[in-house]
Structures are given as C-alpha cells and as structure tokens.
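Quick notes on the structure that follows.
Labels run A, B, C and D following the written order; every chain starts at residue 1.
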C-alpha cells in the first residue's frame, strides 16, 4: 500500500504543535511528509521544510503558494493538509483547500465565528472532501471504548455527563502579562472566549462524542479570576443534550495543582464511566449496584473501535502523541474510502464553536438558557 | 475533670445516625450518656435507652417529657442534647431546648425554612447557649488544616472554590420506589430540595468553612435524572462569596460509581488545595509554580487547629466516626468555656439552609442569579 | 447487657498507645474502664488513672498491686486486662494475669523469646482464658473480607503472598541518636531484631491470618542501612507456608516517602487480592482473566465476618482506632462465650515471634532456609 | 540532516515487537527503514518487507543474506540494525553484525550465556561500534530524571533500592499449556530462567541504571507457583551493589491483578524516589523529613537528561512506544558522534544476563549468596 502524501501549514520551528502533528502523521508509516508552508515568514518556512526533508519545490513560502503549487501537481499532490496556523486563519485556509478538492485536518477551533463554521459544513457537503477537526482526545482507545459502550447500551440511556478540563498553568498573576499567556485572554487576539474556547471546547466536544449526541441548550457562568483579564479564565456551563442528558462542564486555567485536568464522567441508567486524560489507558466502569471495575487498554474483549487503535500490549501505556496518530490513521482510512464514523467532523467543529459563542452570550445575560446549536442545525 | 452529661433525641434502634453520635460522644470519655428520648414510639425509646445504660427515670418517651425531666434536675441535668430526629422536627426541638437553657448539637439541616433558621440564630444570641450543627466533615484534621492554611494566607486570596458531593446510591431506577430512597425526592417528606439539601449542603457549608467566607449570591440548575422524582437528584450551583470568590458546586445521587464523592478544591492566588472525603487523612497542596505536595495527617508542623484533633500517628488513618467525635470534643471544650471558632454555628446552619431555598428558586427561574443570604444577614 | 470491666497496664500519660486502647475499648460502650496501673512511676499512674475516672482504690501503683487488688474483688473484678507495657515485660505480666484467671489482651510482641511464647500458649490451653495479641490490622473489615474470600475459595489455593510494611520515619541519620528512635536498634533494649520485630511481624502475622495458614520455613536478609545501627532497619524474608504458599515480606524503616507502608497482596489460582493499610476501606480484587474490581467497605453482600465490624455506611472511611475497637468487640464477644475465630491468638503471637527469631538466625547464616515454627508446633 | 538508514531482523508480521520498533525508529524522522530480514520464512519476510516500503533488493530472506547484502553497499548501507529475533539467536547475529562494522540495537536478553555476553562486550571494545540493548524503560524522561537526581546527590548515597516487575498474565493454570505461554517456562526454549529472565531482568538493569552502580552479589529464591512449570514464575532476589546499596527485587507472572507491575523505589540518605511504569510521567520524590512531591514530566527545571526526551507539554502523557523511540534518538545521536552516557550498553546487557544465571544457581543452593558479576568484571 503506497503511502499517502501529507502537507502541513503552520507548525514552524519551535512550535509545540508542529512536532505533535509530524509524529502523529508519520508514526505509522501511512503518510509521507511531502509539502509544507510551515512559517508565516516565507523564507524561514521554506528553509525549515527542506531541513525536515521536504523537496525544495514543495517547501512553500505561504499557504496560497502551496495551494497553487499542489493544485498544479494533479494526482501527485498531497492527499491531506493539516492546518495548524493561528486560530483566526483556520477558516480561510480550510475553506480554500476544501474547495480546491483537498482533504483537511484542521486544528481546533475550526473557525472563529458560527457563520464560518456553518460555511465549512456546507462546503464539506458540497465537495465530499474530508474535513476533520483535531479533537484528538477522542482518539484514545479507551475513549473509543467508552463511546462504544454507550452506543451498545452498556450503561443505558445517559442521564448526566460531567466533564472538566481545568489546569493551573495560567494561575500566576505575576506571569499574566507574559505574551505567551496574555494573548489568550485578550479579545483582540483570542476572540470571544479565553479558557472555554481553548480547553473547555475539548470537554464539550468529548461529551457529545462519547454520548453520540448534541448539545441543545446551555447556561453559562464565566469569571476572570485574574481581574486584569478581559476574557474568562474560569467557566461553568450547564447544558442539555438532544436526548435529554444533563451536562455539567467546568473549565479553568487558574486551578493551581491540576496539571492537564481533563476528566469526563458519564452516568447512565445502568452504569457509570470515568476517564481521565492523565491516565488515559484506563476506563473506570461501574455497573449499577455493582463494583467499580478498571477496564485496561489492551485487555481482551474490548470493542473493535478501541482495539484497532492499540499499538502495544496491556498496561504498556500509550500517550497523547499516539492519540494524535490515531486521528491520522482514521483519516488515512477515510481517504482510502473506508468508513470512519469516529472521526471528528466539520459539523462537530461547527457545533462546539457555536456552543462557545452562545456560552459567552449566556454568561453575559446572567446565565440565561440559550440555544447552543448553530442555526443550520436547529 | 468530671465528664459532661449528654442526651440524645432520636437515633433509635436500627438508625444509622444513633450509633455514629454515640461513638462520637463517647469516644474520648468526655461525656456520659445520661438521658435520651430515642424513638418516636415512647415505649421502644424508653426500653432502648435503658438497654444502652441510661437510668430508667431518664429514658424518656418523647422529647417534651425529656425537656421537662431534665429541666427539673437543675445542675444535674444534661450539658448537651443532640437532636437526631426527622428534619421537620429539628427546629421545634432545638428551639425549645435552647430556650430552656440547654446546649444543642443539631443534625443538619438545622431547620426546614429560612425563617426558622433566622429564629434559631436569634435565640442563640439571646440565650448565649451553644447551638452547633453537625457539619461533621469540617472536623477532619486535614480540613481544619486547609482552613488554617487559607486563614494564614498560604494560598493568597481565594479565587475559586470547586466542590462536589456526588454518589450513585440512588441511581437505580428500579429501586426508586423503595421507601428508604423515595422519601428524599418527595416534597411532602423532604421539603423543597432532594439531593442538594441532603448532600450538597455539606459541600456548600464546607466551602464557606475553609474559605472563612459566606455565599452571597447564586445561580442553580436542578435536574431529576430519574424522571419520576419531583425533587432534584442532580444539581449544579454557581455562586459568589463575599470576598469575590467564584464557587462551583455539583451534587448528584445518580453518579453511579462515585461512592461518597465529597471533594473540595480551593484555588488561591498563590496555591491550590484539594481534599477528598474518602481519603480524608491527606490534603493535596500545590504552591503556584511548584510541585504538588501531599500533606499527611500527623506530619510535623501542622497548624494547631489540625494537630489537636489527631488521635493516632502519621498514616494511621482516622475516619468518619472520629470526625464526629471531633465535633463533640469541640463542643465539650466550648461548654467548658474555651473558645472554639471552628465549631459549625447556628448561623452556618441558617445560611446553608437559605442557600438551598434560594437555589430552588433560581433553578425554577432559569438559573437567575439570586441573593443567597438569609434576610437577616443581608 | 451490663458492660464488662476493663483495666490497662501501661499506656500512661503522653504515650501513644494508651489513648488508642482507651478509644478502642470504650468506643462501643462494651467496657467500663475500671482499673489500671498506667505508669511505671506508681504515683503518676495512680493520679493519672483517677483523672481518667478510675476509682481511687483501683488506680494501682504497679501491675502486681493491681493483680492482687483485682483478685480480691472476686466477681467484681476486671473482665479483661490490656498489657501495654514495654516489650520485655509482656511475658511476665501476661502470664501472671492468665494464671490468676484473667483474660488478657497483650500488645505485640507477645513475648521476647520463643520459649516464653510457647509457655503462654500452654498456659492458655491450661486455663482456658482468652489471651489475644493486638494484631489490630487484622480487624479491619476489609481484611476480614479478604480472609473470608480466601477461606471460601474465591481465589483458589493461595500460590503466593507478598507483603510489605515499610516506612521512612527512621531514615534520617542525623536523628538516629534520638532516644525515641535509637532504642529500637539497640539489642540491649529491643532484643534480637529492630524493624522486623517492630513492623514486619504485623505483615508476617497478616499473611498467616488472611491465608489461614502458618509459616513453615524461611530465609532472611537483614541490613542496617544506617550503619551505626546494630539491629536491622531493612529486612527481606522469603518464606513457605504449610500449604505450599510462597511468601515474600519486605520491611524497612528507611523507606523515605513511604508513610505507613503496610500492604498485602494474595495471589491464588483463580484471583488476586490487594489491601493497603493507608486506604483500609477498599479491597482490590481481580478474578483470573477478569477486570480488577474495588470492593468497598459497606457494600452489599460482604461476608458476615466483615459486615459485622462496620460502623458507618459505604465510603464513610473507618480508620485505625476502630480497627483496635474491633479487637475489643471480638474480645467482649469471646468473654461472653461467643466463638470468635478471627481473634489473634496466643499461638499467633508465639509463631510470629518465633519467625522473628529464626529470621535473625537465617540472616546471620547467609540466608539459610530454617524452620520458622516454635518447636512445640513442629 | 540526512536521515540514517535502519534495518531490522525479526519483527515479522503479527509480532508485537516489530511495530514497536518501527514506531520507535520512525517516530522522529531520524531513520529511514531501508532494509530487513523480517521473518524466519524467507519468502514471507521478503514480501512483508516490501509491503512495509523496503526496496525489493533489500528485503532479505534471512539475516546472513542481509549481512552480505548490506556489507556490499559500502557507505550506502544501514547505519543501524535492530535484532528482534528469538533470544537464542541474539548472540550470533549481534556478533556478526558488530564484527562487520555495523551498529546494533539488540533486544534483551542480549545473549543466553554469560560467556557470550562477555564476548559481545569484547567485540564492542575492539570494534568501537555501538551495541545497545533495548532496556527501553530506562529511556522514559522521568527515569532519566531519577538517575540524574541520584547522580547529583539529591537523595544522598543510595541505601536501598526496591524494585518489582510482577504481572498476572501467566497466572491462569488452565492456559499454561498455551504455546505462547508455555515456552517461557520450558528450559528447552527459554534457557535457565523463566520470569526472571523475561521481566526481572528489566528491573535489575533499572536498579543499576538509576543508581549508576553494579550488582555485586545476590541471593535468590525461585518458585514455580504453577507446579507444571520447570522454570520459575515467581522469584525474589536480594542483592548488594558495589557502593553498598541493598537491593530487593521481586518478579512474578502469577500476580493476578497486577497488569505490568514494574515499580522501582530508591531510598537514599536524604530522600526517596518512586517510579511506576504504568504511570510513567510522574516521579514521586520525598526529601527526608519533608513532604512527598509529584515531579511531572514537562515541569520546569528538570535535568537536561530528562528534558531533551520530552515531546509534548506537561501532563500530556507519553507512553511506552515513545520510550522505545527515545532509545532510537539516543542511538542516532551516538551514531552521529555525540556522547550518550544514558544508552544501555553491551556491558549492561552482559551484567544483567549474568545476574540471571547466578540467581538460578543461588536459588538452587538454598539462597546462597553468590557473586553476580560476569567473571570479566570481577
């Protein structure tokens, strides 16, 4: 099976996200890294691309050049482009590549506005191209196991989903003016939301992913625990899903002592599940009236959706970079025409960004309950 | 030092709460169990009291008889009465004993209405008698350590307090009509609130206790995850405290897999704390920018407020019954005239019950933010 | 049911063990504390006893005076005496009280020599009196559950038992000459063994208790990690039990970072168990080929041996002092004539002390395998 | 920087070890997979190699063919060969490639006999080629941090190291004749040792790695808990290191409930460390007299030896495959001429295999203490 061709926009030298995507894309030998526009400084990008082994004529100076260049290559162009640029540019680049017939993996948030999100969804429908959003936590084997257990009725109808994504790495007020921290709470750079758009959105998407359901309405409470911040660094969102599930989502960046702090608990009629991103290889399961059990990655009898994403045996931990790699595995399969229902879609990207927007509005209106869905999905 | 005399109302044979109070009161040899009206069936109560070693003439048939009997004894009467009867009777009994000059330890909730709570506060002010509420979780050594750390500025001003008290023991819909479960969600028996009044109230009080602050306003979202229930079995309450602290409180009785599930996290400007009722002998502390540390009950250098409540050495666990016993130790000291600022007061009882009431109202009004304080404290 | 009369020898003011026994004996209202010789200084002991509420004529100056005094009281004497004196005196006092017809709870180690241990066993046989040894960890509900599971074949024949009791509280060489630490490693005061006699003996007894089996032979490796110590502060003992079970026991007092560090794992043909003294309310169970489960104190369906020792509901932790109290409950029942097979016996005391002695010999002989049993049990 | 050329012997289709090595070698883009003899069936190996993207003329039928083929290529040959064949062939292949001037990464155990191990050490000295052994657990960032902390005196001289590698995956006697399990306990296929050679050897090597010391003498106790097994499935080894450190090592494959079960604790004069392979991103550290702290992968201020092996930020877990990848990173650097003192050497491979052999002898002689070192290192 020939390797697919992969390109990346953004993820330049010194970024955190570039290496994660490269490792994810290359880990399983499914892709060759054949094109890139890696830096907003054209020369730096071209030079870095070549250092990473990309041919000189495909080490582009910017995304437009790359789009033109790859289009001209016809069948010998990239099969997938990853968009890992600043948030405000995701929409424009993703749209352009999709419309030119390329498959896209877009970093979250897929867009900055609700309208843009809807537009991407429509373009995907029209073009039939793949547009995945990098909600990579959903690709841990034990998250897929959780989703499969819910889908197969192992915990009955889901009554309540409780999730949090709270860390303390922005909790030092003396560091708040550090530019690497500051921009996240500045509307000029981060848009309408700080911590919720950055981390909470993962938790929100995860709730819909595991429950295979959508958030319908919500009520939010936002706070800037460090008062100099215009945008929230702590948020609580209550929601309801379309099948009636009650949702609770807390996200914070001032929770000193929590490191990554992404947890999800799903409580159904006949059982409960708990998963924690810092120990991602275990899924805690309790049947109603029974004892809590530890489901281990690698144990016998897991659902195929989980099993096929495991690389090493039971209790050999697999971590974050391989969750990203799992997203690439699924995309590769989808490109080759296999069905991959677990891949995070443009619709998921649009819905979660809409929920951020409407949470902001709800919080401003004293926690008023509002519709959480993009208009097109109402 | 002569022992004090202790009596109990309620806590009859087969109850869970009776043995916990007896163990708590007697564990340290500070009290003798000399009077009781232990059962709503007068004969059963008298007989059981005598079996427990109470003299026949002080094994009373009901609380009124006990009040009269003890009043007549003058100096040889009980020094403390514990009220462990059904919730709806707490007010009447507590009021009567306080007004007759007795010290009272009342089970939570102290009263059913806000007005009753205010009345008890006033009676305490007038009589000068002790009225403690059995918020016994506040008496764990490591909770007292947390409170002392906050008071001493070890984590700076508290930005955010996040607490949950969620279990799954009422999560089985097939058991929901079991009378032992059912009454908690029936307004006729439980009043205005189900799970929040039962468990959430502990979490709410704990937040105020550790932060040494009061809840000023709140916004609530209630749900009956088992639809046949009139009262909530899952609730989220956002609140603000008087010093600006943001509060998040989740309580549930359908969280299958959580056993007791009482956790509190306190995030300040310069550090964070975490305490979990199921492993109560550790307090998790992280200084901003530093490593997470485990503070152990029994280690050197704890605050005196924690140290004096420890009975055995480091890493010898101490559990729930001794937390109750610590409440009794503090009451004994207070009766003897020592100052005990950590003892949960009638004001705390009144404030937390008011918060329950106003949460119900907020939840009914779509999460509207409301004043959480009893009118007398506004 | 009238209370039993209880007396204590040792456990004077300022000791750690005195309060633990008083709490244990009094917690359930089964005993009255009616006699004592609490201090090696007669006046201090008499005075302290009276302060604790013992009548003046039963606040004795030493154990011999107490023995005479109580003997004279006939039916109105103590029903049980606890021996909580320095180790070297356990034998003499225990023997004297047993021979005078009293029931005894002796602190561990029951005796200092193997011969003394055998003598106590014979006296118990002859007199029919109760002589329990305070292996109090065996009285945690979840330890009793483990023993019952093994007895009922839930994990099949036990192949291997692995236990450790390792802390780091004597790990500071700069504190090694502190008299409170030093005596433990000085043969003149501690006898033949340091850490193994102090902590390892609990682990060894626990292995026999849960497996309901006896240690038959052993091979030991002792080390003085702090070189100034004559006796060992770290020991490893391999052993075999009479039914063929392989045993591994590690004990250390220089394991900096471990607090109490008492763990036992039992591996059978069809399952494994794990219990940890610092989280004593859970028992971890894995059926062969199945998932690890958490058995909670208080859950439904526990064995009666565990269930009857629980005082509060599921996930309300119960700690060390109540394990001690459970020993007193069992003794009280045994005194009243009920059968209590789970109570640690004089034979257990003699066997575990013999294992200490023979471990010392094995370690001196390069780990030679030796018979671990007192001669009378060979 | 041009990629290095990498080849593998063994690791054919369906093996567990092949994918782990491929992922490890390719994850960071340091190597191209250009040659292989992947299967003991020549045709299957050639075909599989080509499917994995190896050129037809370098998809070899066996290792001898590969050795000849690569030798002929001169400068365009592989830079590194991984030997992932059955244990009994490691020596022959490793020796041949080293002598032909290739660098080798050999799976553990490096050889089957002590003499072979010594011979490899000598060949490495003579040829100056790299021969690393895949003790991949040593390449976790937090293990490197532990080693650096010890080297920098952060816990003082090491008094005691306690390690275990115990799982329960061979604990089912009804599955013992399953060929995939059976061979490990059959001397004809596994050599002198079962579980100790398979897993214990990792723990033993880890002890020497973190302490930067060597095992000097040992005393062992072996057991076949499943009696049909000729080789041990449970072993305890006590040892002493050259600087006086006391060692304790337990390994078992019948520890039902333990999954991977590789733990190491290092106790020094001024602190203790604990690391657990199932949560490899944390290192638990306790300074003497201080509180236990959690050191997190990714936190600020780690030693460079740890820091350079991290790929993603704090609390983003990294797992087993990336530990393997770290070995490849270090080898690549070493091939390029950088010093890599943390890479597991042929000497480490020889020493640990010798310790297995001498443990077998000790266990047969009743735990006799024996020299643990290969004769060449005495």
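Going forward, a contact is a pair of C-beta atoms (placed from the backbone, for glycine too) under 8 Å apart; a residue touches a chain by one contact, two chains touch by 3 or more.
As the structure is a prediction and not an experimental result, all values here were calculated from the model.
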{"item": "Of A-C and A-B, pair with higher C-beta contact tally", "value": "A-B"}
{"item": "Greatest separation from chain D - chain, by CA centre", "value": "B"}
{"item": "Distance from chain D to chain A - Cα centre to Cα centre, in angstrom", "value": "35"}
{"item": "Centre-of-Cα separation between chain B and chain A, whole angstrom", "value": "42"}
{"item": "Interchain centroid distance [CA atoms averaged], chain A/chain C, Å", "value": "55"}
{"item": "Sites on chain B at which at least two other chains make contact", "value": "289, 292, 296"}
{"item": "Complex interface listing, chain B residues touching chain D", "value": "289, 291-296, 299-300"}
{"item": "For the chain A and chain D complex, residues of the former touching the latter", "value": "1, 3, 16, 19-20, 22-23, 26-29, 33, 51-53, 167, 169, 259-261, 277-281, 296, 311-322"}
{"item": "Touch list for chain B against partner chain A, complex", "value": "155, 159-160, 162, 166, 168, 171-173, 219, 221, 223, 225-226, 234, 236, 238, 246, 248, 250, 252, 254-258, 265, 267-269, 271-274, 284-289, 292, 366-369"}
